Every structure is written in structure tokens, then in C-alpha cells.
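The following blocks contain the structures, represented as C-alpha cells.
Next come two complexes built around chain A: one with chain B, the other with chain C.
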Partner chain A sequence: MNKYMWLLGMGLQKALAYRVNYSVAILAAVFPIILQWVLWQSIYQYTKADTLYGMSYSDMLSYVVLAALMAQALRTGFEYDMAEDIKSGGLNRFIVQPLSYFGYRLSVFVGTNLGYFVATLMVMALVLWVAIQYWVLPTQIIHIALFVVSAAGAFLLQFMLFYLLSLTAFWLHEVWALFESVRVISLVLSGGVVPLSVFGESLQYGFSLLPFQYLIYFPLQTLTGAISLEQIFSGLLVQWGWIAAMMLLITVIWRRGSRSYLALGG
Partner chain B sequence: MWRQFIKHLKIYGLLIKLNAIRQLEYRVNIVLGLLVEIGYLGIKLLYAYIIHDTGVHISGFAPQSLYLFIGTFILMTVFFVAMLQFNIMAFDRQIIEGEFDLILTKPVSAQFLATLKYVETWMVIPNIIVGVSLVSYGWHASDIAFDIVHVGLYVLYALLGIVTMYCIFTLPLLLAFKLHHISAFHSLVWALWDFNNLPHRIFPSPIQIIGTVFLPIFLITNFSPLAVMGQLSIGEMIWGGIAPILLFFLTCWGWKKAIHSYESGGG
Partner chain C sequence: MNVIEVEGLSKTFKFYRKPQGLSASFKNLWQRQVEYKEAVKDVSFSIEQGQVVAFLGANGAGKTTTMKMLSGILHPTHGKIKVLGHTPSEREEQFKKRFSILMGQKQQLWPDLPAIDSFSLCQRIYDIPTPLFKQRLARLSEVLNVSHLLDIQVRRLSLGERMKMELIAALLHGPELLFLDEPTIGLDFLSQRAVMRFLQQLVREDNITILLTSHNMADISALCERVLVIQNGQLVFDDRITQLQNTLGGLRRIHIESESPLHSEFLGRYGKVINNDVHCAELEVGDDVVNQVLQHLLKDIAVKDIRVSAPPLEDSLERLYTRRGQVA
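Our next item is the complex of A and B:
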């Protein structure tokens, strides 16, 4: 266990060395927030509707701001390193070392992103405070506590999703487009651009059968108190169910992929 | 100067051809690249869907006029992706690794070669199709005459928009000569670019002024549709013509200054 904690610490140190990168990323998140802010303001002013897509103006604003931040918090990047490890023989050292590759990647991912994640959650806390004070958001302490659980699940689910994708490098030579396509699809289907209610009931039902909404939409529904406690608990069960299912799938695909792995690089 | 311009235009034509042939060698990459671009296009169209669904009028523009803006934004994305995106991503690397030394030895402008040598050709096809369709629909539905004056005005401001785009996204690259690593700047570039997704008049006045005068990002996609709709004041029309030229000279001057800081990193 100590070796994984050491890897986690190394990842954290590496992330702290690039603080400016993170600040710029957060700054970059401000632009789409402004764009969405003025768009929804114009729409609500023009239509004079109390609610659109099941959300009031203040709910919508809180959502788009928090969703943009949450999308930043769930950034990845390790998938390219993994694909390179698989293609160029970087896995060789894990064959001879008493170290699980999954454990290694998870520790480095947590270490590298934990700082980002916590810092973004702090910015989100500030936004939430504004939302509660000025936009009368019905968030209670229990919602915040359950959000932390669902956000931790989202963090892990995002890791599992991209880990699973990276395993395609056992069979595919070019994987960047697959990563980027899934990243865009995931951003839209997770509710990272607009709330899923915008897509209408039938599409939203279809999306609920996929794991993506448990990355952003569900944690934010939990945080903003838009769903009942019963729905939150059942949602949490499904979210952690997806994590377990992904874990299982990863184990199966890893075993199959390992059989076709060529230990290149001497 | 004119002869130099024609010479570089011919070279750029050759670069487009060479890049198109080179990219054809990896057809699977083209298909995968198209998939990624369709994904990003979907996000842009999501805004069009929301506007259509709610029927919102933004700053007096009806949804059909807004399609003209979104279509122009998508068409400008073609130039952004084809001309700039990959050059921006590769710019600091060629300075860090000393590849820039080779560029300096070529008998063409180093600025031209270092900032425009990669041209993405096939990946932009979905943007061309959707952009042209949206602009055509928006043009027709907004009852804009399809004559030489209007088309000429649209093309003129679009060309000026391309010059503005080149300058705005090239100027920050010059920091690479001093700082070397500028990868963090990329996420800012993409975010800034998306600011053009909607007409700039949707933003509060201070943002409109900053984006039109000080960092004229709104000149890129807004002025061509505004010009054909007769929504540009005389002052704006003049500024839309002068600003890109001023910016271009500023970029060339900045390049000459920045290049003095270059230290060969290739050993």
C-alpha cells in the first residue's frame, strides 16, 4: 500500500509544479460560463418564462456555472501515457516489478488530479454560496454531503472510463481520435454543456441508461437539491454500480489485451 | 510587397496540396479526425438548437438571422482549424527542439513558415457543409439580397476576419521565444475562440468594447453577417477595415522583435 501512497504523493508534487497551468485552465472555464450566462439571460428575458426545461433562471445559471467547473475538475490526460506504454513496451517494467499497473495508474491519477479536484470544489463552494444567498437555491447540508460522495464517484468513474478506453491501444494503432471523440460525447451526455433536460424526455431517458450522466448531471442535481433524497440514494447506487461494472470490464479486457501484448523495447 | 504576397500565396497553395496528399496516406486518421470534428460541431449546433427551440430574439435578431451568425462562426472555424490550430499546438515545440533553425534558413518569410506550414484539409469538411448550409438558410430567411454587393461585402469582412484571426492567435505565440513552454495558453485560445459562437451584441457593453477595440476577437465572425444585414455603423465599418491591417503590421513588427530572443535549442 505504501508504494501506491508514494506514487500518489509524486503525482501531487508534479501537479503542484504546474500551478500556473491549472490557473489558466480555470480562467479558460470562465469564457464558456460567460457565454452561457448571457445566452440564458437573453432566453429567459425574451420568453418571460418562469421555468425552461424544468429549471428556473437561477437554477439554470447555477447549473451552467457549476457544470463548467465540474467539467474542469474531471480532466484526464493519462490515457495518452497508457496508450504509449502499451504500444512502445512501457508495460514491460510492470511485468517484472511487484506493482499492479491499474494501481499505479490510479495512484498517479489521484495524485495528479486531487489538487485540481479539491481546488475546483472550493471554487464551486464559493459559487454555491452565491447561489444559495442570491438565487435562493434549496441546497441543504445533506445535499452537500451527498454531493461529495457522488463527486468522488464521478472522479473514479471518469478514471475507469478513460482507463477502459486506453486498453483499446492493445489492438488499435491510432487512439487519439477515439479518446477525443469520447471526450466530446461524454461532455455533452454528462450534462457538461447544457442540462440534460434540454434534450427532451425521451432522449434523457436514453441517456440515463448510459454512465455519462453520473459524471456531472447527477452530482449537480444532488448538490442543487433538484432531486429527492430517495432519487439521490438510488442514483448513487447506480453510479457505484457503473464503477463496479467498469472495473469488471477492465479486468476482462486487460486479460485479453495482455495476451496480444508484444513486449517491445528490449 | 505585392510580389512577396503573391509568392507566399503560391507557396501556401503548394502547402495545402502537400498537406492534403500527406494526410491522404493515413486515411483512417482522416475518418477519426472527422469524427472528432463532428463532435465539436455538435456542441456548436446545440446552441442553434436551443435558439430554435426557444425562439429567442437576441439583440433584436430573430432566430433565422442568428443562424447566419452561427453559420459564419462554423465557417470561420474551418479556417481556424485548417490554418491555425495545429500550427499553434506545434509552435513552442519547434522553438524548444531547435526545429526553428531550419525554418530560418529557408528563402521565405520565417513568420509565414513557422505559423502556417501545417494545413488541415480533410477534417474541416463537416464544418464546410454545415457552415455553408446555415449561412445559406440564414441569408435566405433574413431576406438579404443575393447580389454582388452583399456577397462582396460578406466576403470582404470574412477575409478581414481571417486576417484578424491570424493576428490575434499569432501574437501570443511570440511569448514562446521568451517563455518556451506556452501549452497552458492553448486552453485559453480554444475558450476565446468559442466566444464567437453568438453575436457579440448579446454581451454587456464593456465586453463588446473590449472584444471589438482592444482585443478585436468579435471582428472575426460578427462583422460579415452584420455588414450584409446593414447593422454596421459607418464607424464600425471603418474600424472593421482598419483594425485587421493595423493588427497585421503589429504582428509583423512583434515577430521581428521577438525573434531576437530566439536561442537555438537543438544543440
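Our next item is the complex of A and C:
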């Protein structure tokens, strides 16, 4: 077995060693969902509108529930380990062993999140089924298939985004505030809280130039069939384009960073 | 055959200084005082295959920096390095598979998984054929007496057990050269000896070359035949370990036990009094006058026991460190 596949398995094992932590996180995702449910219910009742921002009550509800789950599935945590590796010389190991740091981080990330991702997708499938049955959500098999592709892209894009962010530790000594701000901003800009259509046309155009909406908003639009197949394919192209661009940026910054990297200690 | 060849090696670090206070912090935002520190200056040495060499020096003397250059972690500013025929800073895969470096606090085992999982990862990283992997693992874990601990989460192991596991992880791919940075730091006496005995065996049986830094003199005298001492980035001593005690002024310690009380003033006439507990004292004298002093002492004191020995290694080193410190 390839070393990176093995690492993926180890990541999964590590995650399984913390299965209680796992279940708690899934349970924790329920609270924001309930909050949103209550909020949107009262908004629709109060305004007596059939559609808000082009979405019916059932559309909106399916969206926020699915978005909250998606945001949970995309959780990261490796950025702190990475910052620590960079600051305290943990990278040394990867210089003296035939193992790439990027490959290591990616495999472990995929491994640790895989179980979580699959579990969340199953919950999402359940929600989707409810949505289709009771809220009459028009979804076809082709949309579900394309959603899986875009969700995989979102997973990779999220990894790239936080990997890139972690590289700032080469120059910054305190990264906590930066990580948390980006996490919150990314959650909002990706459509993890409310659909991006809420922000209005001009802002939405601005968001479309950023990579964030390809994390949650775009995959969910694909899933719910809110956009045409043509839009889905061009969206996928842009999403994977962003992944390629991030990869390139990571390579350049990594090269600069590792040059200035002084193995500390001793 | 020389495993390590180093010629005129230097490393200069750039760093910034920030004077005390808030105003200095603001000033530092746009104008920083750049300073340079020569961590390693013009160091040359070579190490033959199968040698065990201790690399000594005070904190910040340049030991770790040199080791990092030898393993390819740092680029040298000047000088030439050949390790196992490779230039370390080129970081070739072939080179990486032939050596191992173990740095005291920096661990490669996954704390949340049993050690055996991390070992299997090593097998993949270094492409070790399964039969060879199994054979090496069985041998290493048996010699280090940890066979029964392989399937326990690493963070549940004691420090000594963990260190042994780290050693196994570093040796599974059969490195020809081993860099050890403080391998016994934080270990209790028994674990220290177990690790040292194991390293001795490894050198005997596999003809492995070891370069080790340690502040534990017992480790060094047990294991190493040769000592390199680095002080302020310069190599100040490179010879056999016994030579270290002799070069430094050739001093001897005389331990005296006596029936009658000993007076420091009296003893002080013959040499430097290291300590004096009334009935038991230690005296340091030059080796050229040992005989003379012994005769006097035996004549003047009711001696119960008397012994002559070389001063402890730590003392020789202390003298070496401070002597060069004054020159530099």
C-alpha cells in the first residue's frame, strides 16, 4: 500500500479513537439548525410572503439545514497543528524523511474527515428525503451525482484554503485570531449561514469572484437544482480552477516560506 | 571509509534585536536592528564508518546547528559537507533512506495510536520489504524489551518506553548513520542504561556510525571513543575521550580519608581543595607532583584510605568551555 493511502487510514483510525468527540460535534450541529428553523419560520409568518429572496419557506428551510450540515462536514483543525509544526520545528521530520508535507497533511485530513464527511452526507440524505417528501423539493439523480462531485471539490478547496492560511505561520507568530476570523468570514461568504441571494445582486456578484461560495452555496444549489446544468458545469470548472490556483499559490508560498524557515530549538 | 566529511563549515544566522519597551516595539515596525550570529565557524572533521562520536558543547555552542546541516535541514553558509557520499542540502531520497536523526523532544510517533501503526507507516515511507520489516521489528523490540507494548496507545506509555519506541522507529529502515540529539534526556537511570547498552550492541553488530550529543557524561564515557567539543561555533577539541582528561593540564584528584580532622589550610599547601568534610577530603593537584604530595600526606596525616583518580569528565569540559570562552 502506498504511504499516503496508509496515512489516510491512520487519520481515519485516529478519528475513530475519538468517536465520542465525533458524535458530540454532530449533535452540536443541531442547535444552529433549530435556531435557523425558528428564525425563518417567524420571518415568513411575519412578512406573510410566499417567497423571500426568490425562495419559498420550504426551499429556505432545506437550504439552511443542508448548509449547516455541509459546514460541519467541512470542519478543519489541522491548521493549528501546521502552525505548530512550522513554529517549533516539526517540519524537520519531513526534510529528513522521504515524505512530502503536503501529501502528509492532505492524507491525514482526508482520513480524519472521511468518516465524518460520510456520516454527515448520510444525515444530509435523510434531510433531503424529508425535503423531497414533505417540502416538495425538486431534485433529480443527475443533481445528486453532480453534487457529490462538487462536494468533493468543496472538501479539497477547504483543505487548500486552510493549508494556504496556515503557511502564514512562517511569518506570523500568533495565528489564532487570523484563523478564527477567516473561519467566520468564510462561513458567511460560503453561504454556510444563509443563502448568498440574501445579500442582494451586487454583493452576490462580488462573492462570485471569491472562492468561498464554492464551498457550500454552489454545491447546495447543484443539489437542489436551483441552477441549470449549464451553470453547474461552468461552476464546477471555476471550482476546480480555484483548487488549481490555490495549489499553485501554495507551491510558491511554501517555497518562499521554507527558505526563511529556521529550524528552531537546540 | 569516511561516512562524514566536513570542511570549513560555517553557518551565519540573521536575527533581529528589540530593545526593552513599547516605543522600541513601535520603532521595530519599520526599522529593525539586523544582527548576524556565526553559529558555526570554520569547522572541519571527518568520521569513519563504525565510529561512535560524542558531540559536546555548552547550550548554544552550535552542536544542533551542525547536526541540522549534516542531515540537510539547514543549508550551510560556507563550507563543504559530504555525508555517505551525498551533499545533505540536496535532500535526495536515496540519502534520506540511509540515515536517521532523533531529536530529543521532537517525536514522530502518533500519540493517539499504538506504536505498531507508526512503525507500519515507517515501513511504507522507507519501502521496507515486509519480511525484513518484521524481522527488524522483532529484534529491536525484543532487545529493548518493549514487545508487549507495541499495541498500546503511545501516549499511555512512560517516557522511557516512548523513547525506546522512537528509537525503534528511527532504526527500522536500517540506517547506516544515526544522529542522536540528547537521546536520554528526561529518562531515569535504568532506561538510560538500557538505551545505551542497546546502542553499544547496535554498533558492535551492525557497524553503524553514531554521532550523538548529550549532556550526560555517563552516556558519553560508556559509548563513545571519540569526542568533538564545539565552543562558540568553533571546534576546540577532537580526540579520544581519555585524551580529553589529559590535555587539560593533566590534573589528578586525591581522595583522602583520615582518622584525625583534616584542615583545608593544611591541604591547601599541596593543591586545590575541592571539598573537605573534616574526615574526608578531595584535593586536586598536577599529575607531575602527585607522588610528592602523596608522600607528604602519608607522612603528616593518619590516613585511613587514599585514592588517586582522573578528574570527572564534566570538570575537564568545564575547563575547556571556560578557557576557550575567555579567548573568544
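Keep in mind that, in the parts below, the second predicted complex is superposed on the first by the 263 of 266 C-alpha atoms of A that agree within 3 Å, B and C clash if a C-alpha of one lies under 4 Å from a C-alpha of the other, contacts with A are read in each partner's own complex, and residues count from 1 in each chain.
In the analysis below, contacts are C-beta pairs under 8 Å (C-beta built on N, C-alpha and C of every residue); 3 or more make two chains touch, one makes a residue touch a chain.
In this text, all values refer to a predicted model and were calculated from it rather than measured experimentally.
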item: Superposition on chain A - do chain B and chain C clash or fit; value: fit
item: Which superposed partner A:Met122 touches (first chain B, second chain C, both, neither); value: neither
item: Touched partner set for A:Tyr46, first chain B, second chain C, both or neither; value: first
item: Touched partner set for A:Ile141, first chain B, second chain C, both or neither; value: neither
item: Chain B versus chain C as contact partner of A:Leu209, first or second or both or neither; value: neither
item: First (chain B), second (chain C), both or neither touched by A:Gln13; value: second
item: Touched partner set for A:Asn92, first chain B, second chain C, both or neither; value: second
item: Touch count on chain A, higher of chain B and chain C; value: B
item: Lowest inter-chain C-alpha distance for chain C and chain B in the superposed arrangement, angstrom; value: 9
item: Common ground on chain A, meaning residues reached by chain C in one complex and by chain B in the other; value: 18
item: List of chain A residues in touch with chain C within their complex; value: 1-3, 6-7, 10, 13-14, 17-18, 89-90, 92-93, 95-99, 262-263, 265-266
item: Of all residues in chain B, those that touch chain A in their complex; value: 26, 28-29, 32-33, 35-36, 39-40, 42-43, 46-47, 50, 53-59, 183-185, 187-188, 190-192, 194-195, 197-198, 202-204, 207
item: Contacting residues of chain A [partner chain B, same complex]; value: 18, 20-21, 24-25, 27-32, 34-35, 38-39, 42-43, 46-47, 52, 174, 176-178, 180-181, 184-185, 187-188, 193-194, 198
item: Residues of chain C defined as touching chain A within the complex; value: 13, 63-65, 67-68, 71-74, 91, 93, 96-97, 99-101, 103, 105-106, 108, 110, 112-113, 117, 120-121, 124-126, 153, 181
